[in-house]
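Below are two complexes that have subunit A in common, paired first with subunit B and then with subunit C.
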Partner chain A sequence: MKKDAIGDSLSRVDGRLKVTGGAKYSGEYKVPNLTYGVLVSATIASGTVTALDTRAAERAPGVLAVITPFNAPKVPGYQAGAERPVRGLKLFNDNKIYFNSQPIALVVADTFERATYAACLVKATYNTEPFETDFHKNIDKGVTPQKGNYKDYVRGEANAYKNAPVVVEEEYLLPTEVHNPMELHVTTAFWDGDDKVTLYTKSQGVKGSQRSIAAAFGLNPDNVQINSRFVGGAFGSSLRTWPHEIAAAQAAKLVKRPVKLTLTREQMFTQVGYRPLTIQKIGLGATADGKLIGITHESHSQTAVYEEFTEGAVNVSQFLYNSPNVNTLYKVVPLNVGVPAPMRGPGEATGSFALESALDELSYKLNLDPIELRLRNYTDTDPERNKPWSSKYLKECYQKGAEAIGWADRKAQPGANKEGEWLVGYGIGCGAFGAYRGNAVAKIKLTADGSVNIQSATSDIGPGTGTSMVLIAADTLGIPADKITFELGNSAFPNAPTQGGSATVSSVGSAVHDVCVALKQKLYIMAGKPADSMEPIDYVAVLKQNNMPSVELTQESKGNPEAQKYSMYSFSAHFAKVHVHPLTGQVKIKKIVACVDAGKIVNHKTASSQMIGGAVGGVGMAMTEEAVFDNRYGRYINGNFADYHVPVNADIQQIEAIFIDKPDPVLNPVGTKGIGEISLIGVAPALANAIYNATGKRVRELPITPDKLI
Partner chain B sequence: MSTTKPFTPTDGEDNSNGTRRDFLKQTSLLTAIALTPGTVVKAAENQWDEKFAGVFEKQALHLEVNGVKHELMVEPRVTLLEVLREYLDLTGTKKGCDRGQCGACTVHVNGVRINSCLSLALTNDGKKITTIEGLAKEEELHPMQEAFIKHDGFQCGYCTSGQIMSAVALLKEGHTGSETEIREFMSGNICRCGAYPNIVKAIQEVKGGMV
Partner chain C sequence: MNQFQYTRPAETAVAIKSLAKEPNGYFLAGGTNLVDMMKMGLVVPDKLIDINRLPLKKIERTPTGIHIGALASNSEVAEHAYIKAQYPLLALAINAGASPQLRNMATVGGNLMQRTRCPYFFDTAMPCNKRTPGSGCGALQGINRMHALFGASDKCIAVNPSDMNVAMAALDATIHVTGVKGPRAINIGDFHRLPGDHPELDNTLQKGELITSVDLPAASSAYNKHVYYLKIRDRTSYAFALVSVAAALHIENNTITGARLAMGGVAHKPWRLTAAEIFLKGKAITEDNFKQAAQIAMQGAKAYEYNKFKLKLAPNAIVQSLKLATGLAS
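So, the complex of A and B:
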């Protein structure tokens, strides 16, 4: 039998469950005595709710409780001076309203329909206060964030671009974009006595959820059980524990029955984060032969008045290109809106849209090919931290991507390239995202029937984590993949970081690798051979010789201290070919090529899907997605899939993923760098630049809808 | 057409506090079980009337789901999607919007694909429903399910049931003539993970009978 190895194309180990409807997501567990929770949302954007008339709702059939700020049992973690305070919105803890659609009551009933009906009977009286949701009007109120390293950055001289022979100075706008995973956020909570609680909840990190729920209710984390085996997409929206998850547990405690709380699609726009509206100013200065003299990148994005959200929107300008002078500024503008959350390629996707668009503008001013411009400013070491890259193959990305898109057919002159009545354009957009590795633990068990089971409390929100882990284990142990099972999404399993920042394979993959190596060594020693022997042995025979039904091991895996000496990033070059209709402004995206240096690729099949999926997300960012506020009320007017457009099948033609596939020698034993974020970063500018090349119209405000092209 | 004013939550609220109670106080059924007026008032105070109403408002529903006959009592406002997921524990059919905007809830009713969240369960009385759980024959997957696995036509898997149910219907509808036609007629099924190109490949393969 062929040995399954890292670098293969393995079908998903949970594929059968997913295509038969057998995969259970958090809202789908059959729990006896289940009740249903429905949230009632505020209709004002700022002030207080002074009274809630819940009599009709309470009298409605099947209603068990109506929880409000006036009667909610106290959540210990919400109280001042709490030992483990819960950050963010403290739902039902007081009667303050910070944003329109903030929940003001939770109705619990014995069926979903009854809870939904009763929720519409709750009547609120408000004391309305002035509010601000208009970003443009309030941009001057931007502040430098309190937490994190967001201080103004200067390398060399600030605003040096202004004195360069060739200058680009432009502003770019990214509207609010909402994660909108297909699965609605849902939590089913139930208690065993007063101090043990179980949650089936949509989570990217069961250990993080466990800590947060324990903190909220003042419990020992061991008394909190979190299950999240299948997650129907998240893209960052389930990186943290949200107030409605705590509310579900609070309600379950009160009614002494399991409560399932599902957000509506409309609530998905306001309760679980989004990519914030951001305005960026880029200044680029270059010599006549295209050498950058200065980069200035200033970013303002919205945040909530009750919680500060930050992301690395300006980071990419500090290191992606070689420029002696760089300065950046990052400010957030607090508004009466829900708090944002990291969304796929957080910060970097926003920043690279601005930087890569500006670079394209510069290339036309210089009359230089956009790839050539990037090559002239290529940097072989990290100019921000003055460190070598652990690995960087971005030049290869340029070259392979250009070949695959047919860059040679590009005409420099906008509007010069036609196919029939369609204008043809080509564009490039590049990106980088930090390659990380967290501490993770894996437990392995080899049984006498030759099967191997591995457990770690990581998640799979879609990339195929389990499948990659099985391949790493198969490769390391030298046994077929179908002998191996990998379990995740359960807080009782050994510790693993939250699935985010493209770091799961790097972190958990290392733990799986290390625990397999440890098991192998143990078996070699049991067989009386040197631990590092290369000679193949029969693991099952070793167990039998030793009269053991099974052998079990747990191994923690930590980052390599050597890594401190390097700058570690995944790099990408996205290419797009578009057709634009000159009369209607219709854009057909003929082809996207995603060429990525993400280190070693563990499973080509799922990695390609991830790259394609990221590109589709980038198409949404560039072409269709925009959550629109009505600033008279501070409320979204398009909080549903009919009015907020995510790409559908007809929007997508050919997408090709190309991997450089060279292992990173530093970050982790497998050599991976991560692809989740980098798959989206760079897509939007590639499209905007291709559309400019086709039409000569530079769109600096996303999304690029047809009205902006005619 | 009726000229009554459109339903608003406020109407509903008035009804629940007035009409239903009045109805119960006057109903001959209650008289038949010999409740004195005093008892009726007490019943109202204890919300027993609401409990009675809860029973009266349910209606009989006969469904054949994946070849299995079910007899249920459901309220008229319950959707087919909700009956499948919450009453019959067939959670393979997904809820992504509950408004007919995403396709996650696609099932076949008498062989035709519909969004089950847009269909009140009682309007399907006597009909044959096929859900994702009814597609495979025992251990043997439907060719479309095989093709989705082979071409990795999904990531998180949440839209997948709806995609596959739509794809199977598509073959029957004869809308698989070209790649463009497949894309167009699969556009009612959103995949936020962006598996579209692989979904198209899977459908093309099944259409060509190559699985």
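So, the complex of A and C:
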């Protein structure tokens, strides 16, 4: 295979910087005259803070300011009638408390330690009001979301499953899951005069952050500089600008010095979103030979009283299988909790757990292999939108994944397969996630020394965006990857969408592809050749001939209008092999195989890593992660890294990623569909289904901890 | 975290005197627990007496067994050749706890002093009789999934979180302490307390007393062949036990001639299963005998709303640990 071409396995272009500590994250910039902000959190879940005694904190050494609802400078975007209103919690704008651990003060001091100390001296007096954090108790208060398309959906007849010969009707619970990236959320803000501000902040979208900060302070976006070159994981938690980021800028303006505000790990549980607690009812009805007659999917998710959060938790049931009758319902239950946020595979990861678990239950009722059941309900067109798929190779995913996991060794009878004392089980869980493409702009510069630099205001929260972009450019220009640098994470760069929805390679990769094509054409014309010539030319020689030290180009890349005619999704089939101990409930995940149809794979090495990372996230969802409230206080009892269990290395054995790797002909010129979300969607049901196959125990409430298996 | 005084004496006598004068002082060793608690505002000391310079690090064989200095790190103990050979249960239990980084810092004395991980203890916005006597027990009617089955009171149902302590209990450790009134020795069984009416007291140390060493008797080294430490937890590493069992058997001619059994995650102290030990003595190595031993061990267990599963998990873990110790399972 051609080196430095799309489909290669290039090591991360910034890998060396990352492993040597040379990569600077948002909290690591040494800004002169820096001060430190520490948030003080409320200890009640609803009411008002009636007084804050800040005298001791203000007298404490090194303290520059204590910002509270009673003295905070007004943030223009928080005010009623604001030209560009800021959505969500308006921190320090009034004294209302909507959820426990909501910040009530921000202490700024000359060192982090002094700010932390002074923060513990702030004493609050509250007027406590009744609050609700108990989802189960309040589920009847669920409402259909006002914004977005969340109306009840009916195709054919509603609840048709009930009259089918074979019926599954069950309820599935996904507890609250917190993103918990390794890197804490941190913002360093400083002003140049009254109308220019710079932020080093953890962000998945520097352009989005630029717009939000500009809106908050009533600034021209050009006067807001956002830097977020390296992000230590995010998973959706930095898709939006959070109140603490605005507070850092607010504080910097007040003390007239740069302010760095770092959330504590405990604050990460309440300030930057989470995957919401969701209860889903699934009804499946099938003929005796396993043809689906009806699917009903009803979902209730937690949201905040002060801001509505929605995600497509029921979407997957509308299009993944060929059923003549489908109806879905999606409601949100407002509680005194922080607002949720999209978390890797938002909506679909939640929905597919329910749907794919129910389908597994159906397969046992039908005495049918779970893969065969999926094949019998396979659909070659999108039944929801009545459109052809732009590409779909899910059958190939079933087949290749089954081979890799050793599906032939699966025994249909739960509990029948043993290795020593350990029960052995195999499971499958599938998923899909929309393949998107946004408008993006890239700027390219070829210099006479042969080096190429490309800039675009995208982000890299971990997948290796820069590496993929370098590979696309190397392939398109036909030059070695080590001649190319790609820069991102800077709002001064050309426009790119926020990194989310698995769309970065599709969007920004297209811009990089297109700008490289444009540059190539320009150089061919400069060389006196037809723009579309295939004849190799020496780019550097062309520059020299024209006495040019460099050549620059900027190109915007927009979606393909043809795409409207198609339904575009990435598809995945995840397989798991588990060992379960019948006495102790211990589970060993022996192997996970993730087989995906995500179009063309640009860089196999980073794509495999991304798939493995997503699978580990799925292991967390299935096996260990659950943020638990004590509803008497409306506080988490495990809001820390010791008691909220993200998987550790010892939980993970073999994870294998398999790519179908066939280009999608519609979405973008490179043929990609995106893997960020699909890497996680379907992992949890694959594990739950494997555990059922091993034990005969159907766990419908995640996580599957040992107590649920004994 | 508050502001506090800090001293770092080089002599044990000075350290003891220094603490005796300070009503709100604490010894600081590895700091893996105390510093966390200070950050959370659970402990607000006026003075820290850093004991890391005291000559209490040695691990050495003695005529009566082995002497482990209170400042020996958990890693050093778990890696010590003689301990691994003669007291493998201790090494297994230590390595089941925390993470390598924490075990490198944590000391043996500190591990004995480790406080509960009850979430209500760890959050100053919630009631806890252990942290703030008289404020109530948040766990009793709360989320008590991790909580005790044995020896709890209506004042406190928290558990001792240590793995090391469970092995120390099974191995009949003696805790050597010294204070202004001089040295004394405390059997591990008398060191940790049950909560009763005073859950704020984890142990029977007197004010100002310092742990200087933990000694294991030579008799316990007979339990070095058929050994297992089984820890059931929510993730495979770096998680506290739902239930753990330290099992060590002495076997001659396929007969159990002596048993040492203790459980973790079930009581305010490491829970020695003496009645089950007595039952097993003289019995054959059969799963049925192990089940009977587990049944005996569970007598008097009392569960709460969220930890009822432990009534099943704990005896299962006892059976499984015995099977693993004796080779009935692998």
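Please note the rule applied: the second predicted complex is superposed on the first by the 707 of 710 C-alpha atoms of A that agree within 3 Å, B and C clash if a C-alpha of one lies under 4 Å from a C-alpha of the other, contacts with A are read in each partner's own complex, and residues count from 1 in each chain.
FYI, a residue touches a chain if its C-beta (ideal position, glycine included) is under 8 Å from a C-beta of that chain, and two chains touch if they have at least 3 such contacts.
These figures come from a predicted structure and were not determined experimentally.
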Requested in this report: Classify the contacts of A:D707 with the two partner chains as first (subunit B alone), second (subunit C alone), both, or neither.
Outcome: second
Requested in this report: Please indicate which partner A:G420 is in contact with in the superposed arrangement: first for subunit B, second for subunit C, both, or neither.
Outcome: second
Query raised in the report: Between subunit B (first) and subunit C (second), which, if any, makes contact with A:R59: first, second, both or neither?
Result: first
Query - First, second, both or neither for A:V143, with subunit B first and subunit C second - result: neither
Query raised in the report: Touching A:R632, do we find subunit B (first), subunit C (second), both, or neither?
Result: second
Report task. Return the chain, subunit B or subunit C, that is in touch with more residues of subunit A. Result -> B
Requested in this report: Check the residue A:P463 against both partner chains and state whether it touches subunit B (first), subunit C (second), both, or neither.
Outcome: first
Requested in this report: Would you sort A:T584 into first (subunit B), second (subunit C), both or neither based on which partner it touches?
Outcome: second
Query raised in the report: Given the touch rule stated above, what does A:T43 touch, subunit B (first), subunit C (second), both, or neither?
Result: second
Query raised in the report: Thinking of the overlay built on chain A, is A:V616 touched by subunit B (first), by subunit C (second), by both, or by neither?
Result: first
Query raised in the report: Which residues form the common part of the subunit A surface touched by subunit B and by subunit C?
Result: 117, 120, 640, 642, 647-650
Query raised in the report: Can you list the subunit A residues touching subunit B in their complex?
Result: 11-12, 14-25, 27-28, 30, 56, 59-62, 111-113, 117, 120-121, 180-184, 230-233, 235, 262, 264-265, 461-464, 605-606, 608-610, 612-617, 640-642, 646-650, 652-655
Report summary line: Within their complex, subunit B touches subunit A through residues 9, 12-13, 16-17, 47, 50-51, 53-54, 75, 77-78, 82, 85-86, 89-99, 101-102, 104, 131-133, 135-136, 141, 145, 148-150, 152, 154-161, 164, 180, 182-184, 186-200
Query raised in the report: Any idea which subunit A residues touch subunit C in the complex?
Result: 43, 100, 116-117, 120, 420-421, 581, 583-586, 623-624, 628, 630, 632-633, 635, 637-638, 640, 642-643, 645, 647-651, 703, 705-707, 710
Query raised in the report: In the complex formed with subunit A, which residues of subunit C make contact?
Result: 1-3, 41, 117, 119-120, 122-123, 125-126, 138, 141-143, 145, 230, 232-240, 242, 309-310, 312-313, 316-317, 319-320, 329-330
